[in-house]
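In the two assemblies presented below, chain A is common to both, partnered first by chain B and then by chain C.
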Partner chain A sequence: MLKKNSMIEITRGSLDTMTNQIKKSTDNEYDLYFGPAHPGSGNFSVKLRVEGEQIISARADPGYLHRGFEKLMEYRLPIQNAVLSDRICILESLNWNLAHAEAVDELMGIEVPPRAKYIRVLMAELSRIQSHIIWYGVLSIGLGFDTGFKMAFAYRDYILDLFELITGGRVYPAGYICPGGVRKDIPKGAKGRILKVLDKINEMIELEKLENPSLTSRTKGVGVLSIKDAIRLGATGPVLRASGMKTDVRRDDPYEIYDELDFEIPVRKEGDAYARYLIGIEEIKESIKILKQVLSRLPDGDFIDSSFRKPKLSAKMPIGDVYIRNEIARGEAGIYMVSNGGNSPYRCKIRGPSFLHMIPVLEYLLKGAQIADVPAIYWSLNICPADMDR
Partner chain B sequence: MKMGILPQLLKNLFTKPMTVKFPHESIPIPDGYRGEHDYDMNKCISCGLCAKICPNRAIEMVEASKEYRKQYQKTYPKIDLGKCCFCRLCEDICPKDAIKLTKNFFLSTFDPSTVVKYPAPKNEV
Partner chain C sequence: MSKKEDILSSFSSKFDVKVKTQRDRRLWASIQKKDLLDISAWLKEKGFTHLSSLSVTDWIDDGKYELTYHLWSYTDNVLITLKTKISRKNPVIKSVSSIWGENAQIHEREMHELFGVKFEGNSDLSPLFLEDWSGVPPFKKDFDWREYVKEKFYDRNNERESGYYD
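Now for the complex of A and B:
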């Protein structure tokens, strides 16, 4: 009885505070939904409490793109999960392929052949460039800089052509980076074509340097995230680097062949949307540098571990657990995989960088901002609703 | 207004567009493209591996239709292109190379009955 009464009191209490809040709010205050039907929000929604043009509070409303990968992976073989891992983030499927394949490799103790390691890094970096180009494109369209958007998506197509040549699909590589190596060797003419495409991407970077007042004027000083807040709210990757912390999993905890490669980690101190945009452009340049090194050193040999050349239906995973972290375009990706000795993982937890960027960081940055700054803040965080909802 | 964009503008006036007129011409499709399945019933040994590896369960082993049942008495893969994610695992696992993915990507249709590919000998299709 006692319990029941107290429950009622609690609900009554919360109801009172709610009614008080409603009474307090003036006529100027109203709710504004940014998404999911907004053209510039993706499959995501932010509920904004607005007074005039000022945002009082923001509440992220995720769940429009939930597909339940973590549960699905418990019912499938590792090679089928590799196909599934494309879809975690559509815009950088190869990076997620790599994270998944590494987790399985480490759990099963597979020695990946050196050529496969190089091809993996090659594809992951191409995917990173492609993802950063989309970032630039959507940030531009969010700010009304239409030319930037069209330019970005046109140049991205050159990389998609490469994906089509190497993996057989433009957007979905279908588990190209699979446990044991990669599913197919890169074709003969691919090296020259990649170098040509890299020249094109350099051309794009030169082009967008020319003139973009609509981009600079709307991003400078907007959505400033200090380094303290960035760490407190769990930002990773380009967002954290734009706030002034020199961190990159490729350097801090090298995987594949990143410890042999020479590249810089771009860092900026401003922490605003413009700094984040500049970090993206700098990272494209660094990725081009990495790709040129990889292409010049590409060794001969096997592209997949011989025992994985044909997909297997009965490859048992040894008992154990593993945590893998990778630097993907949006930040730090983690995969925690537990096996109890069966064919498929017992549990697979996916840690996507967008989750923390889209909920705590976004809510914090939107508080106190103007309505017109919402797209600038939203897209400058390099977010992906697919990666957040999983 | 800065004048840096002007040379680019003039250049773009005299260059070809980046896109192609799609239904009339198409960008070249590379050899490894993952498109529609090409299935050879004579090579198939009905092992059912393709149905087991398919991540989306788009392949089901069924009996051949009545007209071919005398000649082909085992079960053969029925491929549902609506479920298929074109991952090429069926091609990779097939021990007899009976399933292959072709370059055909013209798969959108208004007729739902054409989405499912029933097993039939190659020359009949």
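Now for the complex of A and C:
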């Protein structure tokens, strides 16, 4: 407790001199840190140079989650790296599992059985839906729409239940999608449960249709990214599509069974935060469409290449290099894997979509924006500090 | 697919490089360090507007760094990878940030930090991920993480950690 005589008395006059001094020294500009202690920023911070309410410049400060996976993978076997690849992005671990497994498959020339391909796509799309639901949730809470956040996380849990049923882990599947196929077959009865969960997700989208004004009024016309800037800054995925580019790795550079599936690529022209949010909702609907097709066509057969059924610890990878592109929820995922004939990859470069969305795109969009618009811009980019830092 | 063949033939005739087709939509080309900017500008003109990734591989036995530029064309749906080798002792190369903008700039900044490659013409190569790091660039092959961690963070006399020294 403070004693009365120890309190500093601030008179009107001294306060004026203090504010004058601050004004003089900073010329009305000051630095404002958004994150890393911000409740929603994730392990990331962006330093804003602010004049009044306006942002003059922004400088991203990444590295809080830099675990050096690229180097770590050089020390480990592909079977261990499959588990590591979960952690590249916490919010969509299965998608990164898939990208890693594809890189090893292609390097080693493994022909993945058809059933495994279908299960891989099934898991990747479920992962995409739950990631987009988180996106909707964090965007809502960032804008003060608490209901959206709670709704999103409640409905996401249904998908996590499915992950637990199929992979054994709710968030980290521990390398479920592994080189050669998937680690185990989907259990009996999973099909019916997935369809039930999809109905639930549809229900959420119907609820979301109410178009809450607290969401729309704060996202419309905010953080506009033109298509030219988007390409120059390296934006991909939903961010690029919201700026008017009709592109999707699943369609343009198909992997697994995506060339056999029928789905639309949602595109919008506005390029603002609202457009990006709408793209996210549209993509959930398209993923549901894909999942229904996958479930109806799921072939019988092996779920993993027979040579990988028993984990091989010393499977030498032939000399060569591959570049894998995958469409994950946040944009384009890339893995460049080099082998010099050893057991472990010689070099594994991971290209995370958030690396570009969180540094050049975010810095560009924040410049000239208002402080109040920072959350809308920040979360509308669907970013994940984990896949930026790796 | 005919467009891909067009790019292939005009590219190899114009710059005298061998373009290898790995599979559908994957082309690989090894180029000379001095041709990088010309080839990059020409490819961007031809529609390779997206620099998907930029990576460095440390071939320590050859004393070389290999830089790989993965370029995607949104119009032709083809990925072309340019590879070029530079000396490991004096790793300097021209920056492509004048061609692919901030996208290339940030990739080069990362590679500068992790491998120590200098990109001439890149305006900002300040540290990105590592804070207060003054040692060798940590992704180089001759930097052993395990040794570093042992020396820096583990204690041989600590009962729990002594196992790491066996």
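Brief remarks on what is shown
Everything below uses one rule, namely that the second predicted complex is superposed on the first by the 362 of 390 C-alpha atoms of A that agree within 3 Å, B and C clash if a C-alpha of one lies under 4 Å from a C-alpha of the other, contacts with A are read in each partner's own complex, and residues count from 1 in each chain.
The definition used in the following text is that a contact is a pair of C-beta atoms (placed from the backbone, for glycine too) under 8 Å apart; a residue touches a chain by one contact, two chains touch by 3 or more.
As the structure is a computational prediction, the values presented were derived from the model and not from experiment.
Taken together through their common chain A, the two structures put chain B and chain C side by side without a clash.
In the superposition on chain A, A:Gly244 makes contact with neither chain B nor chain C. When the two complexes are overlaid on their common chain A, residue A:Lys310 makes contact with chain B while staying clear of chain C.
Of the two partner chains placed by superposition, only chain C is touched by A:Ile231; chain B is not.
Of the two partner chains placed by superposition, only chain B is touched by A:Gly168; chain C is not.
In the superposition on chain A, contact of A:Pro114 is made with neither chain B nor chain C. Once the two complexes are laid over each other on the shared chain, residue contacts for A:Pro36 go to neither chain B nor chain C. Partner contacting the larger number of chain A residues, of chain B and chain C: C.
After superposing the two complexes on chain A, the shortest C-alpha to C-alpha distance between chain B and chain C comes to 10 Å.
Listing the residues of chain C that touch chain A in their complex gives 22, 25-26, 49-53, 55, 57-58, 68, 70, 72, 74, 77, 79, 81, 100-103, 105-106, 110, 128-131, 138-139, 145-146.
By the touch rule above, chain A contacts chain B in their complex via residues 76-77, 79-80, 83-84, 154, 157, 161, 164-169, 172, 174-175, 183-184, 187, 207, 210-211, 310-311, 313. By the touch criterion given at the top, residues 62-63, 66, 68, 70-72, 75, 231-234, 236, 245, 247, 252-253, 321-323, 325, 332, 334, 336, 338, 346-347, 349, 351, 355-356, 359-360, 364, 389 of chain A touch chain C in their complex.
On the chain B side of its complex with chain A, the touching residues are 1-2, 4-5, 8, 18, 27, 29-34, 49, 52-53, 55, 85-89, 92-93, 101.
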